[in-house]
Every structure is written in structure tokens, then in C-alpha cells.
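Contents: one structure, followed by commentary.
Chain naming follows the written order as A, B, C, D and E, and within any one chain the residues start at number 1.
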């Protein structure tokens, strides 16, 4: 198995342990009040990257700035503004943005305290959405999870990512293209578009896992090797991770649909319903794949049992035929002085006959039991 | 196992992989706005087939047209019109129809973006229903899933299928027959009739799977071969697919019953309740069959264990009887110069006696343990 | 295993296959409108049997008639009338009754289209209740399911059964006896009494299955034979059937309790609550029995594993003791010219000593490992 | 295993079968109307025992009477009266009490028809509560279930038990002690106190099962014998019984909390909330214990597999070492006239060398595979 | 395995048995009224420790007193007061505090009757919260559970712990630091801060279990030893304990969020929502870890099966090759006088040839079956 085999269970388990995925949230230090900003994730980028897009139906201005102060004024612009911040380790920057936009201390804490449970919460003046960005790690062969925080104000959106990703590039393209409804609509529609882009990524991950599942299933059917089980376990594990990540996303979108938030207009809500349907579909597919993997595990186990049974049959047949014969030969290998058979001329061929009869008897018996 | 065996697990798994059933929804390309029409399914027909039926209690006009423009005028006719479009690859045609009937961009996207989760959504002026048409693929031996979209307007219905099927032929027959209540009622009743025809098909698929299940169960009981497990796994898998397809259909029909849609009159709703009951029955049957298949798998595994146990007993009995005897014969095959027994005249028959005693002892022992 | 053994799994599976129990509902033929009367069950009686009882607190008239027309007039009698029809194959008769009593086409369809999901539906002027009559088939040893349809009007009740049964005889007895509250009450109380009689039958079936379960459990504990597993599977299967049949009955009774129907007076509803409790109890008992059967299956499997382990131990002990001894004997059976030991007078007894030492060593070793 | 071992699975299964616990409710005879009083339980006492307590804050009168008529007058006393009847076989007595207190026929039926599902039902003028009294049968080692019926009127309480038990003795003690709030409060508080006493008993049963579970778990870990599995199965079974008994009790108490009954004052309801919490805790503990027992079963099975593996290794090592050696010895035991090796002086020691080399080779091979 | 190995399953099971964790609640003695104070836990401290903190935005007074009377006056102080009592065995002290603060008898009973189900209950004038403090016992290697009771009045908080712990030290630090919002807010915010500190501890426990799980998973994959299963069982058990402890905490926090209590201001409720999210995350992580552990158990079992299969193959190959050869050698070891082959000069080499052919044949056969 090559070092880069994306399904080598041992390697990827080691990779995942570094990530610490099942219990990712670190305990805050002693004496730390809620709202204290301590970045708990790993620093995944050298420096923070700040990009802003400001648009209305007619024009669009895109900029990448060094200091966050250059874009803070966008808050009060009548046009729709989207400030995207990649990298969370600069806690001061996050605090400055938070104060300027009037964010609640808990919202700020969640921004930098990655590993939050996905949620959408309405605060006065803005909504705060936390949801996972999932990616398939080609090298390690596992699901990589990063936290996206999205703050939706009346005419602005802030997004915070752990590192630069290309999930939002399609949305930027559509904004630049000045086509479609995205430029004509408000910040809530942009928020929808961003969430939609994130959820669409889940399908890409699912496709990878789905393909791996069906391939393994076929392998288990055709030539079940000793690694199959470990790889099936791997897949099951990734599906557990996926499931845990996506379940709360469904609730979150349902909350928006039910109108927990006032930010989303009815017209946009039709689109959110569409994303909601997709999230349900992701969950249902994950559940189906879990069932398929469980089935494949059963299949593998039954296969091992069956093969053990086959091995045993061969042993039993060989031993049952030859052990009696060896005994018969052993009898006439004895050195007793008084063994009248030894002198009988036809004793030797007669013994051969008896031996063949015994062997044939065994064969018939085994055939009757359907072992041969 | 012949090539056409509908239950050959290997073959059908391969067939299914082509279909890509568990993760069917492809990710949209980059920069694609919601509502952009890209057909994601496979083109299953050479050219689109458009059929229209227009009727009221007195008369019925049926036509198959080449261009969709010929039937667009039906929208404003006072009679009930049903336009059925088979084949989804002609995206322009779909867009033209959509614009003429004022469909929402998301509805249009769902039409061509096959693999949607089943749903019924009320839009101003019309309802959009997406539900799966299930069929049993005789050749590959698996459940084939296709998407039906049904748009129900005030006096018209649009249906979009991935390819020409015969599911709706019975409904057409009833329309042509001018008998029964179908001609006297509105478009909502026709919508009910079409959905009913689709759900009735589910029972046909269930019957095939049910028959296969009961046959396999019997086989596992009577002569459990090595393929049984793989075929049970196959059935389980098909049931997973079926379940995932039908669950949302129940919710969809329940939504109509609860009155999410204004299109359905109370009188028709009585009939929808009937379809709803059928969908529940399908789900319950799928669950029961899953339980039965799981039971059969347990049965098979216990069978393998039991057979291994039987094989081991034979080996143990043969070995336990003959190995000591062989040893005894081996003793007197030794060539020591001073072995007084060798010269005793009755030593040879005495040894035979001892050997028979040992063998009988073993037999008695094994009988006591109920192994013989 | 005798031919009439009620638990022979093979035989009853064959019997059940004939019944086709998991997917019982046949697809309607092409071009068949809802409400078209096609009897889908098997004709279980030669001719339809029609019995009517007409009573009030003072008098009771019982009759068995040849033509349904003789009893149709009972509809408008002020007394409570109960018309019971056994046999569903005479579709014309059913239609005539239906028209006379003003039944909805779907109700009529459900009457003859047996295998419906149990339900209670309120129609203007009457309620329609479909529920399964369960019986234990002594011959085949499985749960037999038949459909009872009960139509409850203002002062009349129609019941339709697939064949003559004795479930309602106790109710008739009580009516004839002119004692108790049944004669003083309206048709709703009679409906309750009939449903109660049906649900009481479920307990009789449960008792049979419960007794079989506990017997098998004991057998698995005391002398687990190879058939035990197949019979456990059988029981599990019957419990699946039972569960699927009874679950909807609970919902149905709950619907009546919640007041979906206006037919049932408050005073009668107290009694319906009692039947409802019984239906819940049936379901809980089925679930408990399923758990017990699953536990017994685990027990059986562990038993097989344990016995295999025992068999292996015997083999291993026999082989480990005698194979080395046979080797030692084999050494001195060799015919080398230069084997100095052969001439040593005490070599033979010394070898015996060594052999006994080796055998004892093995015995000690196996005792230490707790194998002996 | 001694006769009184409380965990001997065989013995207690037999004991339980007598009890008939999973399907305890017998079907009423034919022609029996609801409300007909037929005692379906076993007569557990020779004669019915009737005890009455009548109290208010100042005084308390306790009496044991022979005829129920002596206590019927308590109904109209202004003080709180509690009439406790042990033994249900005297159906006439039950009917007389029922008529005097104006009980509904169904309530009376439930009193004597033991094995009812636990429930609390409000009737005009009184509440009827049925709940199970659970006890640990020391002799048979299983959970014994008896039915308690409690009728709560405005100022009186009737309790009916299958036999004399000591569950209520603590409550009587508190009443006699004239201390605490129990004497100052109404009949609803007494009802609470009685129910609380019953639910507290559940914990005593749980403690027994919990202790047995943890002991068995330890046994499976340290010295898994062949009986462990059967005893684990036993425990699982008792937990199924317990669960089925206690689940409805929770619903019953929740119903009282929600205010289904008007009998309970708000002040008392605070105490009922406490009992409710206890019932939830019992259920949660039962579920946890079920999980623990399932885990222990898995542990046991893995243990058996592991031990089989160990046994196989010993056999394989012994056989693999000595079978080739025996073959080698066999070669030179042949009597061919032309076997040049036989005459070579160093052939015998050389063969020994070869044999030792082969044996060592096998040992090294097995060590490499970690089998030694 | 060293004595301090935190995962030695045997040792910790013994340790846990002492704790009696699954059924911790002892039954009250006979004749004990609800509200009677009997400490049911073990006395975990020599003497009770009473600490009080009294603060408002400007000043803070901290004191440790010997007699509870010194701090009772804090009840009526306008500042926020927090009285923390470590040690519950001094029942008189608890009663005195309870009377002074007007606590309900049931609340007092819950204080000393440890092992209560977590709950938050609103009483007039105060709220009573019971929740578990979880810790990881380094020595025994299991989850230690202790009960925290928190009584929240208008301006005071009482906390009762079973023994001195350091969970609340961070909160004290923040209070002393006079920084942040904690000093400026009311008692409800302090209650939130304390609950938050408790829930944060759960993550610490989860991290330990999560790390152990991933380590064991890797061990099972790489070198599955006989102890792995027992340790997996251990982990599963701890997760059962954790789950049972944390589930009710979620409900409790949800109750506060829904506004069951009037004590918590809206501003504080935003923070409670945050703790609620954490409790949900704990539960989801526990469920995921349970799935992972179950998967690892399956992996282990499949591993044992696979290894047994490997062992069997070696045995079968060795036996199948050498048993026939030994038989062949045995033939020519016989002493018949008339065995013509023995005199043939090339018989010996010919036999060798035949033997090699047989051995090669077996090797080829096993290679074909993929066993070599």
C-alpha cells in the first residue's frame, strides 16, 4: 500500500489524530470570562487576508486591503458590502471589527473559538451564522472541517474563515459578472448565496465518500482482502464526522425558514428553502451510506467465516482420509514375531484394497455432506 | 450464475455504480447562479417528446407536437390541459416553457437538475411537485429511479420525465374513455391521478423485492450457498434505496393533505389521503422487509457457524480416534533389540484388543457429549 | 420433525409464501380508476353470506338472507341495525350495498381491495374503519391476517369480512342475551364492541407467540439444536408481521379518541380509550418479545461459538499429546544401521519414561490453561 | 450451581414461565361484556384482607374488618379515608365496593383483570390509577410484577392489591406518627405518598439488577465461564420486563403533572413532579444497564473468539512442528532394500540435525508471526 | 500492565463498583417522609467548609466561616452574595440554611440525597438547579460524578458540593479581578457563570475519553492485543455514564431558555443559550464517540476472525502436505514378506519423486486458492 493511498486507514488515522476532530473544542484557561478572545484553532495562515466587495445593481468595487480600518466605513454605505477575513489568529483585528459593527461578546468569542456547533442566532441589528466548511483532504484521505462565521447586517456581511479557500470564488464570479439576480438583491440574498456555496461543497465530499463506498463494496464482494475491513471502518468514521457536522446545519436553516431571523426577506426565503432541502438530502445520503457500509461490514465478516469454513473442510477431508490409512500402514509396520498376516502372499494387495475402500468411503461420505 | 440472473450481486453492483445512485446530484460548475439551467442527468432519449391532452367533460383532444410553441396556448384555455414532456436535455425548451408559464427559477433548475429530493412546494399561481418514478430494472436487477416533475396550475398541468415511460398510460386511457370522474373534475384531480399512478408503481417494485426476499429466505433455510449472503446484501441495499426515495414522498403528500397548497380542493383531498395511506404502507413494508432481510442474514451467519462446528466435529472425532491408535502401532514398529513384548505370541492380538478398546472408549465419550 | 409441527420453519415459510404477506396489495390493472371495484384477495368462500341483526332495548330480530335487497331497508329503521357480509368476491353485491348507503367510491374500493392499511376515516354521514383480524394458523403455524371493514352510520353498521369467522359470535351472544349495556346503546357502542372483539383476538395470537418464544428460549438454554435458530427466525418474522398489522390500529383508535369522528359519543369514547390501551399493550408486548427473541438468537450464536471452542480444545489436546509421542516412536522405527540406542537394554523402558513425561507435561500445561 | 443461586438462568426461566409474564392478560371468555368482573390473575391469598385508615390532622383510626360493609360509610366522612383491599378473587366484594363508590364498569373490570397497562384516568368524581408494584423474587431471581389499583375520590382512597405486601407500611407509619405534612393534607397527598412508595420500590429492584450486572461484567472480564452468557441473557430479559413496566408509569405521572386530573392540588403537584423525576431516572438507568449488558455480551463473545484463536494456535504450532518430523522419521523407517543412506554411519546424527533445524525453523516462523 | 495504567479495565471496574454508579440512589428507610433529610452519599470531607463572597460593582468581600450563622445575614444584603458549602454530611447545617432561605422540603431533600437526576425547578422566590460535576479520575481511570446543587434567589446564590473542588476557582478569580461584566451583573449572571464552569469541565472529560478512543482505535488497527477489547468495553461504559449524566443537563438548560424560570433576565439568557449549545455539543460528541467505539469493536472482532482464519490456513497447509507423505512412507515401512516393490532398486528414488510431486501438487492447489 503506497504512502499516498488515500484510503490507507493507518496513515489517515494518524493524520486525523493531529487534527483532534472528535473533541476539537479546547477548554478555556482558568479565570477566562465569556467573551474573552482567545484563538483556539491552529494558525493556518501566515498573515490575515482581508478582502472587501461593495456593490449595487450598477457598480461593483473589489479591494484587498492591509488594514481592516480601510473597510470599516463600508458599514454605513447604502450599497451591499461584503468583508471577508481569512485567518483568525489576529485577535486584535477581530476585536476591532467586532466593536465597530457592534457585535455581542459571545459572537466575537465564537469567531475565534473555532469548533463551535453550527448555529444561526439573531441579535439586535444582525444575525450571526456559524457553519462548517467541509473539504476532502486528498493527501490524508479524510474530511477536513473548518469554521465559517457569517455576520449578516442590514446592508453588510462579514465572513470569517480559518484560511483562504476557494469556496466563495464562484459567488465572487457571479457578483463580478453583473448578471443574474445577485447584484439586484440585498445582503440577505448574498448570505444565501454564500451558504449555498458552502452546502454545495458537502455534495462534493459526499461524492468522494460515496465513490469510495461503492468501490469498497465491490472489492468486498469480489476479492475481500485483509485491509478491506480497516478501510470500511475508515469510511464509517468519516461518515460519523460528516453526520455530526451536517445535522446542525439543517436545524440552522430550518430556523431561518421558520422566521427566527428578521434579516431574510420572504423572496430570499424561497431560496433558503432550497438550501434547506439540500441539507436534508445530504443527511439522508449520509444515513444511507452508513447503512451500506454497515452492510458491507457484515458481508466482509460473513466472508471471513465462510472462508474459515472452507479451510476447515480441506483440513478435515485430508486428515479424515489419510489418518486412518496411516494407521493401517502402521499396523503392519510392527515388529511382532507372531503376525500371521505378514506371511500371507495376498495380504499386501488385500491391504491396498482395504485402504482404497476406506478412502473411497470417506470420499462418498463427504460428498453426501456436500463438502466435496 | 448466468449473465441475466437478476440477483447476481456482482453484476448489478457494477450496473449500479454506473448509475451512481447514492450521491446522484452533481455539483454545479463554478460561477453558476441558482436558476441556471444545466441538465445534470444523462440524456436518456434522442429527442424530446411533447404530448398534450386537453379535455373537459364533453370532449378531449390529444396531440403530439414537434415544437413546444404549439401547445403553449393551452395555458389560457378554459378546459383542463396536460402537457407531458419526455426528455430533459433540451434546456432551451424547458426555459421557454418555464417563462411562458411564469415558473420560478428554482423550479426550472429542479426540473433539469435531476436527483432532487422529492417535495411539493406552493408558488403563487401554481404548485411544483418533484417525486421519484421507481422501476425494477429487469436486466441489472436493481431499482431504477427517475425524476418526475409535475407543475399544477389553475387549469393546466405540466409533467417532465427523464424518458418516455408507460406509467401514465393508464391515466390517459381513463381520460380517453370519458368515463368516471376524471373528465368531470379539474386539474387537481388529474394531478392526483398522476401521483397515484406513480405511487402504484412503487408497489410493483416492492412486489419484486418482496418475492426475492422470501425466496432467498427459503434458500438460506434449505440450502445456504456462498452466494446467498451477497444476494441478501443486494436486497438490503435496494431496500435502502427504496426507503430513501419513498420517505420524502410521504411528507410531500402529508403537506398537501395539511393544506400547504391551495390548488387541491377538499373533494380531491379525500383521494390524496388515499395515496398518502399507500405511501405510508410502502414505507412500512420496506421497513418490514429490511427486518426480514436482517433476520435472514443472521440466519445465514448462524448457519455458517453451525457448519464450521460440524466440520470441526468430524475432524476431531477422526483425529481423536486414530491418532492414539497410530501411536500404539508406532510403538511396536520400533527396532529396539530388547522389546520383550515382541516375542510374546498373544501380544499382537492383545494389542488389537487394546486398540479396539481405546477406539470404543473414544466413541462412547463422543456419544456422551452428543457429538455422534 | 413431523409434518404438522407448528414451528417447522421450512413448512410455514412455504405456506406463507402462498399468502404473500409482506407485499399483499396487488397493483390495479391498467386504466383502472380509483373506486373501480376489483376484488384483489383470494375468494375464500363459495358464496357470500349475509346476516343482519336489528335491535333496540326491547326486541331483537336476527336473520340470514340470500339477497342483500332484503336487508337494505334496515338503513332507515329507527332501531340499531347490523348487517354483516362474509365474502367479498361478489363485487356487484358490494356495489349495490354501497350505493344504497351512499358510500364514497374509495370506501367501496377499500372494501374489496383487501390488504389495506388499517385506518378510520370520517365521511359525511358515516365513518369507515378498516382493521386487520388476526388469527393463529394452527396448521401452518403463522399469523393469518384478514381484512375487516366496518362502516358506522347513524343507526346502522355494515361489516365486511373475507370469510366467515367466529370473532363476532361473543358480541352476537351479548346482543341476544338482552343483558348489559349493549342493547340500550346506539350503533357507536356496537362498533366499539366489534372492534374490542377484534383487538381481544390479538391477545390470543400474542399468547401463542409468547408461549412459543419462552419455550424456544428454554430450549436454546438447555439443548440448543440446529433447528432452534430457524425457529427463532420464524418467530421474529411473525412478530414483524404482527407489529406491522397492529401499529396502525393504535393510530386509528387514537384518532377516534381525539374526536376525528363525530359518530362516537363521549360515553362510548371511555370504552374506546380502553381498547386503545389494549392496542398499546399489544404493541409493547410485541416489542418486548422481539427483544427477547433477539436475545435468544445472541444466546444461540454464543452457544455455537462456545461449542466450537470445546470441540477445538478436545482436538488440540489429543493432537498435542499424541503427535509428539508418535514422532518419538517413529524415530526408533528407523532402519539406520548405526543407531547405538537400539542396542542399549534399558533404552526401551527409558523411552517409555520419556513418553510418559512428555504426555504428563502436556496435561499439566493444558490444566494450567484451564482447558482440562 | 446451587438450587438457590439467584442467577441460575435455567431455573428462573422455568419459574418465569409459570408466571407467564410477557403475555399476561388472558382473553375474556366468549360472550363477556366489558365491565363483566372476572378475576384473571391467580388467587394469591386465601381470603381477602380489608384494612381502613381514617384520619385528619388531629386523630387517626385504623381498623381491619371482615366485611367490606363496615367501611363503606367512610365515603361520606369529612376526614380522609383510605381503604386497602388485599386479594382480588372475591369478585362480589369488588362489585359491592364499586357500586357504593360509583365506579365505572371499566374501572371495576381493570381492578380484577390484572395485567393492565399502567394508566391514570380521570372519571367524574374520582381518578383511577393502575400501576405495577415490582419486587425482586429472591428465590427465582426475577422481577415479580403485581398490579396496584388506586382510586382517588374527594376525601377517600381505595387501593386494591393482588396480595398483602409491605410497600405501604412506611406510609402507614408516617400516618400513625402524626408527624409531617401527611396528616395535614388531603387525600391527593396520600395518593402521592402511596405512588411514591411504589416507585421507590423500583429503585430497590434496580439496585439488585445493577449489582448483578456489575458483578457479571467483572466475571466476564476476569474468568468468563460458559454460564456467563446465559446469565447475561437473563439480566437483559429482566431489564426488558422492567422497562415495559416502568415506561407507562412515566406517562401516567406526566399526565397528572399536566393537569389531566383535577384531583391533585397545585401544592401536591410539586411532589408529583418529584416522583415523575424518579420514574424518568428509573427508565434512564434501565436503558444504561441495557447498554452495559449488551456491551458485556459483546465482550463475552469476543472472548470466546479470542480463546478459540488461542486454542487453534497451540494446535497449529504442535502439528506444524511434529508432523514434518514424523514424516522424516517415517522415511527412514521404510524397508526398501536399496536405501544407501541407511548404511552411512553419520546419517542418523545428520537426520537429528536436520530435524532440529526444521523444528527451530518453525519456531522462528511462529515467533515472527507473534504466535509464540 | 502497571497498577496505574488508567485504562486497565479490571482495576477500574473494581474502583467503579465501589462508587456504585449505575444505581446510585439509595432507597430511603421505612417510614421516611419526603423532605426528611438523610445524607445518602459517602462523607467525602472531614468537616464542612463554608465560603461566602459578597460583591457589587465597586467592592467584594470574601470570607471563610466556621458557622453558617455568620453568613445567613447575607440573604438580605442588597449586594450579590454567593455562599458555597462543600460537604453534605452535616444535615443540621443544611436544614438551618434551608429554613433561613425558605427552601421547599423537597429541595432540601435533593441537596443531601445525592444522585438526583439533573433538573432546574422554579419555586416561588428562588430556582433550584441540580447538575452533575464530572471529573476524570486519573487513578482509577473513570468518570467521577458529583452532585452540585445551586439555589438562585433574587440577590443570592447557594451552592452545595459533595467535596471541595476547584471547578469554581476561575469564577472566583474573575470576581476578584473586578474586571468584565460579572461584577456589574446580578445573581443570575453569576449562576450562569457557575453553570458554564461546570459544563466546561465536561469538555475536559470528553477530551480524555476522546484521546483514549483514538489511541485504542489506532492500537486495534496496528497491533490488536487481547486487552484491547476489554479497554474498548471500558470506554463504551464511560460513554454510557457520560451520556446519562449530560442528557438531562441539556433539558435543564433548555428549560431555562424557554423561560420556565423568571430569575434569568433576557440579557443573561443569551449567555445561557451559549451554555445550552455547549451541552448539545457534548451530547453529540458522546454519540459520535460511541459510534467510533462500536466501530472499533467490530474492527477488533473481524481482526480476531481474520487471525483465526490465518492460523487455520497454516495448519491446513502443513497437515495437507505432510499427512499424505507420511502415509506413503508408512506403506513401505510395512513388514509384509511379499512386497515386490521393496526389492526394486529404483523404487526408493521413485517414491521420493512421487512424494515431491504430491507436495508440489498441494502447493499449487493452495496457491490457486490464494492461501499461499
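Couple of notes before you dig in:
Everything that follows uses one rule, which is that contacts are C-beta pairs under 8 Å (C-beta built on N, C-alpha and C of every residue); 3 or more make two chains touch, one makes a residue touch a chain.
What you see is a predicted model, and the numbers here were worked out from it, not measured in a lab.
Both subunit B and subunit C are touched by no common chain. The best fit of Cα atoms from subunit C onto subunit E calls for a rotation angle of 145°, in steps of 5.
As for how the two copies subunit C and subunit D face one another, under half of their interface residue numbers coincide.
Between subunit D and subunit E the centroid-to-centroid distance comes to 26 Å (mean Cα coordinates, whole Å). With centres set at the average Cα position, the gap from subunit A to subunit D is 41 Å. Each of the following residues of subunit C touches two or more other chains: 301, 305, 308, 312, 315, 319, 323, 326, 330, 333-335, 339.
Taken as a graph of touching chains, this assembly is arranged as a ring, one closed cycle with exactly two partners per chain.
Residues of subunit C that touch subunit D in their complex: 169-170, 173-174, 177, 179-182, 193, 196, 200-201, 203-204, 206-207, 209-211, 213-214, 217-218, 221-222, 270-271, 273-274, 277-278, 280-281, 284-285, 287-289, 291-292, 295-296, 298-299, 301-303, 305-306, 308-309, 312-313, 315-316, 319-320, 323-324, 326-327, 330-331, 333-339, 371. Here subunit D touches subunit C in the complex through residues 9-10, 13-14, 16-17, 20, 22-23, 25-28, 30-36, 104-106, 116-117, 119, 121, 123, 226, 229-230, 233, 236-237, 240-241, 243-244, 247-248, 297, 300-301, 304-305, 307-308, 311-312, 314-315, 318-319, 322-323, 325-326, 329-330, 332-335, 339, 341-343, 345, 347-348, 351, going by the rule given at the top.
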